[in-house]
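Heads up, the next two complexes both have chain A, just with different partners, chain B and then chain C.
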Partner chain A sequence: MTREETLNELKTVIAPYTTNKEMLNSINDETDLIRDLKINSANLVDIIIDAEAKYEIEIDYDSADKMINVGSCLDVITEKLNQK
Partner chain B sequence: MISTGNDIVALKAINIARSKEHAFYSKILSVSEKELYDQQFAGEITFENFLWLSWSIKESAYKYLQRITPELVFSPTKIIIKHLLVPVGDTAIAFGDKETEGCGFVNKTVYEGIVEFGNHALYSRSVIGAEFIASVVNKEADFGNTCWGIQKIESKESNYQSKAVRTFLLNRLVRLLPDTDLHIGKSQNRYPILFNRSEEMPIPVSLAHHDHYVAYSFQLK
Partner chain C sequence: MHNEILNHLPYKSSFRFVDNISALDEDGVTGEYTLREGAFFYEDHFVGNPVTPGVIITEIMAQIGLVVLGIFLILKDGELNISEDAAMYPLLASTEVSFHKMVLPGQKVTVISKKQYFRFGKLKCYVEMVDSSGDIVAKGMFSGIVKRVDIKNG
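Up next, the complex of A and B:
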């Protein structure tokens, strides 16, 4: 799966939790989940759980801690996909 | 260095079914906290309320510590609740129509906790209302100089929440600090800072919002 394909799938994971739907179409590695996409911190765990289900991976605590922007989310997901 | 940290969870916005799934709660609770629930709290409060109470305490602790250690990353399972006392007697918060404010808490009417992260130990005070769970943390067990507020708002839109919580806090502070021109800025690491004109005030403030609720805390010397 290319990084672009992973990003497109990640958008569908994030979509239910962002109130900034307009920005979702133009997200990049630097897009911050809380600051830019206005995702409540209480929903960050939802995103991790949904990503685990979507990509059929397991995201450990230390990796989950890194998932604060789109780039770090893609890095973690790619790393876990490569470990499968 | 004094600090403050708070959080609020709107109970209507949580997913109760998901809160009970191991895959979900294990990313928030440590093993010892799950045991704490099973052994001491299972008959006292619902698991979802315990989970989100724990979340609000941990998020409050993170906000408190972030002011001291700006590069800190929020890692819920590494912020450990070591002790939690269930309130006794009349615990109903006097919420009025849509808001409540105070300084300190009446003993034994709120959840009293001790939370640890690394070598930091903090005290927590939490309220579970009909529609929200709100927490505040402090480095001292005495919360007499810890002021807080909880308000129900009309919209859950993020800009509305952000403006509402700032207005709520500033209205309180203006009553305490007349003849000031207060506003709230943000540090490089995104925690809120209180300014009087261009001068940073020595009063740490914390802001929280979730769904139709906002909350603040600030710490007086």
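Up next, the complex of A and C:
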């Protein structure tokens, strides 16, 4: 799966947790989930759990800690997919 | 038998809404609270017609359903190494509650909470409140985070 394909899938994972649909459509590696998409920090946990289910991966505490912007989310997901 | 956990609750006097924990394990908690006739909110909600406010119902559900269970889960996790005098500060993350029946001064309510998940410090539970006749008062999904502050280490 290319990074762009993963990004498009990630958008569908994030969508239920942000009301800023315009920003969601134009997200890039630098987009900060809390600051830019106005997602509360507790909902980041839901996004991680949803991502685990979607990609059938397991995200550990240290990896979850890194997932603050879109780029780092893609890095973690790609890394876990490659480990499968 | 589970009531020692009440010592860890940061609420005092007029804002502590847990009397007793009757069941508690990793998957859920059941607890009771009796609404005090003289509680501060009855004087104004409503004048001459005291009814327990929805926010207080929600708070009772959150204190028993999330905070008690959250503190239990944290204390149980030996790896976290919590000292006895560490203070626990619960932060409510989200609630989605529906209300079905009024609660009047002096009534006893029972809160039953079932854990959905506890991960990365976030606890999510399905919580129900019933009155003494077993009727549903309120139900909904609650989530929150418990922040630990170790007094010894600042």
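The definition used in the following text is that the second predicted complex is superposed on the first by the 84 of 84 C-alpha atoms of A that agree within 3 Å, B and C clash if a C-alpha of one lies under 4 Å from a C-alpha of the other, contacts with A are read in each partner's own complex, and residues count from 1 in each chain.
Definition applied: a contact is a pair of C-beta atoms (placed from the backbone, for glycine too) under 8 Å apart; a residue touches a chain by one contact, two chains touch by 3 or more.
These figures come from a predicted structure and were not determined experimentally.
*Asks:* Tell me the contact category for A:Ala64 with respect to chain B and chain C: first, second, both or neither.
*Replies:* After superposition on chain A, A:Ala64 lies in contact with both partners, chain B and chain C.
*Asks:* In this superposed model, does chain C or chain B come into contact with more residues of chain A?
*Replies:* It is B that touches the greater number of chain A residues.
*Asks:* Output check: A:Thr19 vs chain B and chain C. Expected answer is one of first, second, both, neither. What do you get?
*Replies:* In the superposition, A:Thr19 contacts chain B only.
*Asks:* Quick one: classify A:Ile48 as touching chain B (first), chain C (second), both or neither.
*Replies:* A:Ile48 contacts both chain B and chain C.
*Asks:* So, A:Gln83: does it touch chain B (first), chain C (second), both, or neither?
*Replies:* Neither partner.
*Asks:* Please work out whether A:Arg35 is in contact with chain B alone, chain C alone, both, or neither, and reply first, second, both or neither.
*Replies:* Once the two structures are laid over each other on A, A:Arg35 reaches chain B alone.
*Asks:* Once the complexes are superposed, what residues of chain A are shared between the chain B interface and the chain C interface?
*Replies:* Dual-contact residues (chain A): 40-42, 45, 48-49, 61, 64.
*Asks:* What residues of chain C sit close enough to touch chain A in their complex?
*Replies:* Going by the criterion above, the answer is residues 93-94, 117, 119-122, 143-145.
*Asks:* Given the complex with chain C, which residues does chain A contribute to the contact?
*Replies:* 40-43, 45, 48-49, 61, 64
*Asks:* Chain B touches which residues of chain A in the complex?
*Replies:* Of all residues in chain A, those touching chain B are 19-20, 35, 38, 40-42, 45-46, 48-49, 52, 61, 64-66, 68.
*Asks:* So in the complex, which bits of chain B are touching chain A?
*Replies:* Residues 9, 13-15, 18, 21, 23-24, 27-28, 52, 55, 59, 73-78, 156-158, 190, 209-211 of chain B touch chain A in their complex.
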